[in-house]
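Read through the structures below before going on.
The two complexes that follow have chain A in common; it is paired with chain B in the first and with chain C in the second.
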Partner chain A sequence: MTNTARPSPIAWLIAPAGLLFVLFFVMPFAVMTAMSFYSGNPVTNPNAFLTTRHYERFILDTAGIFHEALWSTLRIGLVTTIVSLLIGYPLAHWMARMQSRLGHALVLMAVIAPMLTGIVVRTFAWMTILQDKGVINTTLIQWGLIEKPLPLMYNEFGTIVALVHIYVPFMVLTLTGVIGRIDERLEQAARSLGAGRLRAFVEVTLPLSLPGILAGSLLVFALSISAYVTPSLMGGTNVLTLPMLIAQQVGTSFNPNFAGALGVILLLVSLAIVVAYNRILARLSGEQGMA
Partner chain B sequence: MISRRKALRAGAGFAALATVGAPSILHAQTKTLKITTWGGKWGEVMKATVLPAFEKEFKCTVSADQAFPFLPKLQVSPKNEPIYDVLHANSNEQWNAVVEGLVMDKITAKEVPNIADVYPYAVSDKIVGVTIFTSAIGLGYRTDKGLTKPTSWKDLADPKLAGARGGYLIPVNSLGQAHLMMLGKVYGKGLTDLDAAYKALEALKPIKLVDFTGQMEKMLLSAEVSMGVIHDSGVYRYEGANMQPVDFASPSEGVLALEQVLNVTPGSKVKELAFAYIDYMLRPDVQKQLAEAVWYSPANKKVKLDAKYDAKLLTTPEKVATLIQPDWKWYNARREDIDARVTKILKG
Partner chain C sequence: MSVARNRRPFDAGRAAYLALNALLLAFLLLPIVIVLVFALNPTPYISFPPVGVSLRWFEKFFTSAEFMNALWLSLWVATVVLVLSIVIGAACALALARGNLPGRAVLTAFFMSPLMVPAILTGLALFQAYLLSGIGRPVWGLIAAHTLVAVPYVIRTTLAVLHNFDRRIEEAAAVLGASPTRVFFEVTLPLIRPGVFAGGVFAFIVSFDQFPVSLFLVVPKGETLPVVLFNYMKFDLDGAIAAASMVSILLALSVVLVLERLIGLKAYVKL
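Up next is the complex of A and B:
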């Protein structure tokens, strides 16, 4: 006789996390979804009625800004993720293979240090560097290399630079853990069998680190597409993302119902991308359902 | 028979109970007024002196929320038990609130006696609630860039200012919205001439846009822009601080009013106290203290400011006459279309 039907007492330890998840994600999301199908707040307004008009407003997009905002959000998320991966992977690989404990600790501190400062502060720091009267443009103009300031800010470029700086540590920390667990002898075996450094990396280390790439990319992508402060401050008028539109709807247009619909749409589109990404990477690595 | 020791012990126990119970009894008797108010220097003065004096005089406690935006919080609270008793907001938000039945549509001198002493703009048909202060929206400019002091709103369109002029993200900032209406007046038939306004807005590109006034102040101070739309208090407050080369200009077509409006929620359980608070905020001494702290023009005609403030703020009927009050009810009704249109114009 087995007692597999009975949950282990240890399983109860996840109860607080489960409760938090239900209280602070499932319930608010359910309320937000319900609100997105109402004309107003049904709790305070007895005349509020069920409607799909908020979704129609987005889908029909007669204003001509919502689809562009969604595409802009996803584009910023994808580019930030790719650049963070390209910067983060070599750094994570170097850290994971570092023999010196002191060296590892110092690099780890260097990676974590920026996270000790708030996102707003870091974004303002980027503003002082990239704006028209910022450090870079002022220096280049003083040296006579340019006459007019380079467009480093108030666009997607500046937004992505600041986002990459903010989210690279998340990529590095995720990748370091995974790469550090890959048995170095596998790479050495490949090389002893005649593979060059590059081939050993591409055919052994890289596929084995795919779970880390997947986890790090998803983390950075999720954080980038939901970023609000950085695109608002760095993007000027040339960047309009869905989180900015949602904040507008709640904070200044006072239309939480449409904001709810935008939130649901952003989540559904992101989920579709995450599922597709997961499947592609799973196929590439020959495994199934890595995440 | 009760011994002395027993009597003392019983007495001590009773005293202890009374001590523990007293605060809750006191609390039950003390009314709490829930208000919204700004942060920064305004919030400092309110918390340090203005609110404690009100609490002492009216034997109440004031719970002040400084975490903007306030209206979404009021929207989700029950109407018969609102999260605030007094909503302090700019005029456009008060109009949003009144449409949803979240604030009262009219307050008169019957409820707030000091209303009898305010300038007409403070309770005009463009206002719901009572204006306690106003700022003038005009043009802020750098005095070290060889610019002549602007005299017209059209000066912002000077080709020399391409890329060095500043405005606001219109969907999120009421100064930007008011400026858009002013463009309709200056270049077209009036504040509601949106076609003329859109055309004039297009001509202002390239323009640096920000979403709140504090950012515009920083852009002016750092010379990121040489001229920008801003309220007078956003420039005057730096007077004397490291001799900043910035100044404020009132265009000849008139300045736009940025009113600080107080209103009472219909479901408030302490309405009398709420009206008393508005009346208190309109008292000349309170008005003077706050006006000089943050460079706001007082709504009460009887306020006598120190010469330095009196020279620059709107303290006479003649100066007040230059104020233009936008019709926020009209604007808010068209807001979705305007937001979409200006976003498209200013993007790219």
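Up next is the complex of A and C:
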């Protein structure tokens, strides 16, 4: 590998993306952070002053809702991630090891099809399935299995079911890539040395796919803690997450400054998770490189 | 690469494995099928089981000015975003992979970060920035926002292709006397095309189905389709939503099929 120190002319191709990111990513987040420390809009309101009161409001939480919102955001994110992993892994394994090209393409289509369906549409689908007069409750009542509709929606359960459905394809696609790169002969070697199929999987393939598991989990967690549509439609008034709180502050309370503070808090939480996972990921792939 | 496999007459473990996967596929696909059923069901509200077949909800969708304006706006925005993000993203990926830039890993992580930052916060931050700078909520502001979250997909798929292909092909072309420009246009560009287009598919869909980034950036009467659907669903849960859903699924699917014709779906999994 040649290592010339000077950037080549091709490096200039980074300029458009750099400009886009500075103007529409770095600066807006700087503005949001600044806004969270102001009492009002510093451009239009000359009396706006610097303050930490928005953060104090969140930390003191006199109304008793903010901490619960943060906690339920993390709880929903965690459960969604775990369930997505349990559902996504078998599918990814199946896809990665499929011999038939046609079969592979069909399963791939089936996994991607929900991704092509917007979040709003998929949430709608789950509303028609889980609501009181929805597919599941109507069917169960008709079969005489239950008398009153089960509370499948307007709670965390319904929120998590819909979130899992929405984010599981991300898990599958991340895992398929990683599992596909694991040499199948390693597992075959373990089996020819006498390990059962399950043992060969648990002791060979599973550990080798850990980077994929972590990367997929990171992705799904980051996506589900920032979800807004699904918790607000599936959770109704019984679920309040941080993104819902932020939208309330912008939309109904029109308090962009407090919304900014909530935004900074959510940002810090998700960045902490991203950094932690990246560390683990780097360490794992480092170990694999050594082995 | 053929692996000799000894097939047994019945394999319970394998059967359970296949059954589990079939179940999981059903979980993924059934909700979409159910949406189709409700789109064709003529009852005034969502009810199960369906009682018949009618196109009244599609008629309602296609004759509603509100839905149609939103649909055209979404299509237009997504198309512009597709073009912008392909150009910006592919250029950026080339610079990252071939530009000998210092701190390449950090730069790559930086350009991926819109995928890591909660999308609703990107929307909120842009809303605050537009508010403070007094530019209001113009359509180009929405397009810029969508492009920002779409570009990482193009960068990622293009980088994947760039890392996979053999640099010696480029070197061979150079050794045989091609100028760097010629190598770029005749060797590098054709080779990265599948990655760029695969990223383009993602970019279109990310924009067309975009909700969280759009939420704070659209104006009343100038809302994109997902925002209109969301607002409608808060009050009404009738077949019009199902019909709208079917239309957007079919649109997204046709984009994929067109691009699949051009590049092959395989490019997706090589992420």
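In the analysis below, the second predicted complex is superposed on the first by the 252 of 291 C-alpha atoms of A that agree within 3 Å, B and C clash if a C-alpha of one lies under 4 Å from a C-alpha of the other, contacts with A are read in each partner's own complex, and residues count from 1 in each chain.
By definition in this document, a contact is a pair of C-beta atoms (placed from the backbone, for glycine too) under 8 Å apart; a residue touches a chain by one contact, two chains touch by 3 or more.
Note that the structure is a prediction, hence the values are computed from the model and not measured.
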When the two structures are laid over each other on chain A, do chain B and chain C clash or fit? clash
Taking the superposition as given, does A:Ser192 touch the first partner, chain B, the second, chain C, both, or neither? neither
If you tally the residues of chain A touched by each partner, is the higher count for chain B or for chain C? C
Given the touch rule stated above, what does A:Pro256 touch, chain B (first), chain C (second), both, or neither? both
For A:Asn41, decide between first (touching chain B), second (touching chain C), both and neither. both
Which partner chains sit in contact with A:Thr52 here, chain B, chain C, both or neither? Use first/second/both/neither. neither
According to the stated criteria, A:Ile65 is in contact with first (chain B), second (chain C), both, or neither; which is it? first
Touching A:Gln131 in the superposition: chain B (first), chain C (second), both, neither? both
Could you say whether A:Thr237 touches chain B, chain C, both of them, or neither, answering first, second, both or neither? first
Residues of chain A that lie at the interface with chain B and also at the interface with chain C: 41, 43, 131, 133, 247, 250, 256
Per the touch rule, the chain B residues reaching chain A in their complex are 69, 71-72, 75-79, 96, 100, 163, 169, 171-173, 207-209, 211, 222-224, 335-337, 339-341, 343-344, 346-348
Which part of chain C faces chain A closely enough to touch in the complex? 3, 13, 17-18, 20-21, 24-25, 27-29, 31-32, 34-35, 38, 46-49, 87-89, 91-92, 94-96, 98-102, 107, 110-111, 113-122, 124-129, 131-134, 144-145, 147-148, 151, 155, 184, 205, 208-209, 211-212, 215-216, 226, 229-230, 233-234, 237, 241-242, 244-245, 248-249, 252-253, 256, 265, 268-271
Complex contact set, residues of chain A against chain C: 4-8, 10-14, 16-18, 20-21, 23-25, 27-29, 31-32, 35, 41-43, 87, 90-91, 94-95, 105, 107-129, 131, 133-135, 138-139, 165, 168-169, 173-174, 176-177, 180, 184, 188, 197-198, 219, 222, 225-229, 233, 243, 246-247, 250, 256, 259-260, 263, 266-267, 270-271, 274
The answer for chain A against chain B in the complex is residues 41, 43-45, 62-65, 68, 131-133, 149, 154, 232, 236-238, 240, 247-248, 250-254, 256
